Amino acid sequence: MNADARNTIDKVDATFFYIFGISALMLLGITLCMVWFAYRYHHSRHPEPMSDSKGHPLIEIVWTIIPSLLVLSMFWYGWTSFTNLRDIPEDAFALKATARMWSWSFEYENGLTSDRLRVPTGQAIEVSIESLDVLHSFYLPAFRVKRDAVPGMTTRVWFRPEQDGEYNLFCAEYCGTGHSAMISVVEAMPQEAFDRWYNQKQMAQQALELMKKQGCLGCHSLDGAVSVGPTFQNFAGRERTLVLPDASKRTQLADRAYTRRSILEPRAELVEHLPAIMPSFQGRMSDEELEMIVDWLLAQRQEDQKPDGAKIFADKGCGGCHSFDGSKGLGPSLLGVFGHEARVQSEGALRTFIADEAYLRESILNPKAAVVEGYAPLMPEFSDLSTAELDALVEYLKGLKGEHRH
Amino acid sequence: MNDTNSQHILSYALLLRVWAALLALTVVTVGISRIDLGALNIWAALAIACSKGTLVLLFFMHLKYESRLFAWMFLAALCTLCIFIGFTFLDVLYR
Amino acid sequence: MNSAQSEVNTNFLQTPRKGLGSWIFSTDHKRIGILYLCSVLSFFLVGIALGLALRLELFSPGPTIVSAQTYNSLFTLHGVIMIFLFIIPGIPAILGNILLPLQLGAKDVSFPRLNLLSWWLYMTGAALALLSLFGGSGPPDTGWTFYVPFSAITTTNVSLAATAAFVLGFSSILTGLNFLTTIHRLRTPYMSWTQMPLFIWSLYATAWVQVLATPILGITLLLVVLERSLGLGLFDPGKGGDPLLFQHLFWIYSHPAVYIMILPGMGVISEIIPVFTRKHIFGYKAIVFSTLAIAFAGSLVWGHHMFASGMSDTAVFVFSLLTFIVAIPSAIKVFNWVATMYKGSVTLAPPMLFALSFIFLFSVGGLTGLVLGAPGPDIHVHDTHFVVGHFHYTMFGGTGFALFAALHFWLPKVFGRMYNHRVATGAWLILFTGFNILYGSMMIVGMQGMPRRYYDYLPEFTLGNQIATAGSWLLAVGILLMFGNLLRGCLRGEPVGDNPWGAATLEWTTSSPPPLENFIDEPEVTRGPYDFKGVNIS
Amino acid sequence: MSVDAHRDDTGARMGMWLFLFSELLLFGGLFVLYAVTLSTHGEAFAAAGRELNWVLGTINTLVLLTSSLTAAIALSAVQKGNSALALRCLWGTLALALCFLVIKYVEWSSKIHHGLYPGGAQLAERPEGQMAFFNLYYVTTGLHGLHVLIGGALLGWVVLKIRQGGVHRSNFVLLENSVLYWHLVDLIWIFIFPLYYLML
């Protein structure tokens, strides 16, 4: 880490102490004078006023000039600490934060997206902030950083996490029902860990290209389709039955050793019911390349796991407007939403139909196309959901059984 | 207290002259707007509007014949408006 | 003619005409003042109830007593009621109405019927605000700031609430122009500008701000209503508008409005301190000058509400610099008040206790305001509970306490009866303690980073919130005790003479309560407003 | 009762002027928006301005200026004790006010007919600056039109008062204030006209 690397905290805190220090002294002085005068010149001790002074020009001038100088110095500290916040280091790692009612999403330059802000420790981070609907504000108390997210405008902040850990990210500009739930986390992690996470897609891409070159994909499908060899889908997540050369069988969950063996000595252990036709790749790729493919194969677990509809529902802030118990929020309750008779306002006309899966999908991707009668077209488009996520969310909604009420 | 209730009565002739001047200025402002002067157009239009406004204020609205206090008050209001517009540009121009 | 003469001589509380009609259609400035007194303080109590509910909700993290949507409506209404129905009209409409003509030696304000209209507009606005609670799809949930785009898209009754604020603004403008004209035209000819009580000066400066800044709020709210009803979109970036312009226009009014709120309070303090120290106010001209300077410079600093908004850095520079410059006249006033006590003869009667605690609380509010004026630190505490605490220190600790001081000072004049001093002192002590517990812990929680308008909060903020909530109960007890005591005093207290405190301004030279047209004979100004030599308590 | 006993015409005029200041600032908010939008969307703003009918705008300016003249003459006439002339002039002012509103109506309806109104289909397809221009145009001229109506009503009431003898040579502050209001309406139009109709 750069030794003289600026952060966003020190100058602001120093200004705080400076202003608070002077303020505390002044408050103390005023209060003490007031209390002392009230005691010393109390009418029981001091029945008649001793002075008929109506003012004193010199004193007035003195106590105009001294505070003026003090506040001007405060202004200067305040201003320089502000310019420090605004002056983004040139080597800052850039990413984009998008605010919507009521969640944050972060997009990295390589296209990676996340709902928590993962950053490398020690590095200056530049965040470009945008809003999809109303005003929000990107607030990191730990780094003294705040900037509004304004529709139609891109605003910027920077900060430098100096220690690994999790830091709160708040929305500080009031944005409606879910305002206080619009919380996320900055996760500062060591550079290597961050790189591994950050490059996951890139590595996967390389591994895929390599496998294509080596011809792996000719026999192994990626999408679960049955082909000559077993599919790669959920490679690490599923158990397989292996037939050993001595015809005995055992079950195996893919680990690193097995995966290497299955590439280097494919005929030693065969997946049940499959012919022994895969050639050995011993010597046909470098060890590095092999590791890359193994890494990729072993990563085929999360990718294929079905996304959790309930989690998506919570993460995207859906609950801010939609209840499960039939109570009316900013949006209609989702209790028994699947299969109920929907009355929607669409293209200026009132339509009635049974809410099917296509309708649910449409209402998530393009909510303004058909708005349930009696509600305002407030809901943002959730077009950033992946197909799998959308499927999971719709499945989840279908599971909310009960008597639907508007 | 009611000392200043005595009124200055403006002659019809003066009012007519002011009116004629206003009409003339209107013609001038339309004329100028037909010529392309670039950014000058808006300033010319504003300058003419200001002089028309001054005529209305001074004569039609009798500001010329009121006590000086009224004029000061009017200037205070006008300055306030100018400050509001001007200070907003501190943001808009340098954003 | 004789009956008319006797009517003029009776005190204004006991005119021959009786009943509600003799009040709500009265053009007498004192009666209108009392109408405001009753209505403003009623709304204040409603606002307190809402505030207590807010604090109760925040007693523990997660849902406590209400839903998030209800909470949002609660703080919106708390804000709208406290700002537009209590603190802005508070001192000018209640005490300004009652005292302005009395202190000027006039029979009434310049436009008595307009004055009555102002009260009716105030009540109309209040009724609209209360109406917005019902019907439509629920009470407004935008916060009192009505920020777009949220206020343009929420389905709640924002249009009605904005219309209410518009009407209330109209009422405020009419009161302001009435006061300005009265001060210019109806001052007794024996009183020069530099012989005017400082309270009048503060009303004068306030009235200018009311007349010149309030219309900007009017047009801004009108545009929000049009945006909601016609899809106008002057603040919608998709239609060539700019959401930040709303904030500019809003704060062009609402920051000067802060001075509409505080200046009359400062005027009250400038009246009370000399009376209870038996000494001429220190630096009369400096106070007058700082009053006018605050009113003027206060209109140039609205941008300090927008340091984190995405406004340009140039604007941040200028607005921050000017903000610090506004701090100077406020400091001058504080120094002058304290200096007035030097070598005086101090009596700690209830009005004085409230006045002295005003100085303390307002100083806390003003000094924490310095942090908010400095753009670097402001970024951290902006939109957190620190701002809420600071704001309540200046507005409640400042204007609120000034109003309480003024009520304790002048109500005996208005009703001719005195409240119980011991109870008043006890109520003050409870109020003052509760106040500091409540808003002090709010500021600390804010420094820790808890944003404002949060229905729910992270567990680390729990302790501070619980202390604050406990403080709110103490505060409420103090307020109820104080109002109970004042009410009892006004209706059944000991009768007092014309000048129970030995003050030197004109209102104390007439009887308590004053006669219908204030003075039996045209009052003569025989002494300055702070010249206590030979003034006796009567 | 006490209201008329303390007559103060200068005070009444001062009150009116103060009220006019707040009217000025009310429009001031719109002028802030105008200035800012002009500086951020200059080209589109001007392009939209060229679509307004400047001939009708000019005619309306002349109409309003003339109505101000007749109002001013009416005041002088009352001060000179010539109520008959004052009444004729005020009727003239009212007729011109009506004329102004009719022309305004024609302008608005032709624009609205073309879908150029806030929320209108045509307007939604225009560039942002043009949308902003038309939105501002409708609000500003709408608010101004409202003031024409209020001013007209006020003058109508004064006409009644003159006929009843309530406003005459030695008590004309009501007429004076109404005329002041009318001039303010004119004054604001003097600025609206070049800013909206003569933009290049």
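All chains are identified by letter, namely A, B, C and D, in their written order; residue positions are counted from 1 within each chain.
Criterion: a contact is a pair of C-beta atoms (placed from the backbone, for glycine too) under 8 Å apart; a residue touches a chain by one contact, two chains touch by 3 or more.
What you are looking at is a predicted structure, and each value in this text was computed from that prediction instead of being measured.
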For the interfaces C-D and A-C, which has the higher count of C-beta pairs in contact? A-C
Per-chain Cα centre nearest the global Cα centre, belonging to chain: C
Inter-centroid spacing, chain D versus chain C (mean Cα positions, whole Å): 35
Gap in Å, rounded to a whole number, between the CA centres of chain B and chain A: 56
Please report how many Å separate the Cα centroid of chain A from that of chain C, as a whole number. 43
Can you give the whole-Å distance between the Cα centres of chain B and chain D? 15
What residues in chain D touch two or more of the other chains? 8, 10, 14, 18, 21, 24-25, 28, 32, 36, 40
Multi-partner residues of chain C (at least 2 other chains): 184-186, 212-213, 216, 237-238, 242, 244-245, 248, 252, 310, 313
Mark out which residues of chain A touch at least two other chains, giving numbers and ranges. none
Every chain pair meeting the touch definition is listed as A-C, B-C, B-D, C-D
Contacts from chain A onto chain C in the complex sit at residues 11-12, 15-16, 19-20, 23-24, 26-27, 30-31, 33-34, 37-38, 41-43, 46-56, 59-60, 63-64, 67-68, 71-72, 74-75, 77-86, 133-135, 137, 139, 141-142, 144-148, 150-153, 155, 168, 170-181, 183, 320, 329-330, 375-376, 378
If you look only at chain B, which of its residues touch chain C in the complex? 1, 69, 76-77, 80, 83-84, 87-88, 90-95
Within the complex, which stretch of chain D touches chain C? 1-3, 6, 8, 10-12, 14-15, 18-19, 21-30, 32-33, 36-37, 40-41, 44, 118-119, 127-133, 135-136, 138-139, 143
The chain D residues in contact with chain B across the complex are 7-10, 13-14, 17-18, 21, 24-25, 28, 31-32, 35-36, 38-40, 54, 58, 61-62, 65-66, 68-69, 71-73, 75-76, 79-80, 180, 183-184, 186-187, 190-191, 193-195, 198-200
Residue ranges of chain C touching chain B (in the complex, touch as defined): 184-186, 189, 208, 212-213, 216, 244-245, 248, 252, 299-300, 302-303, 306, 310-315, 318-319
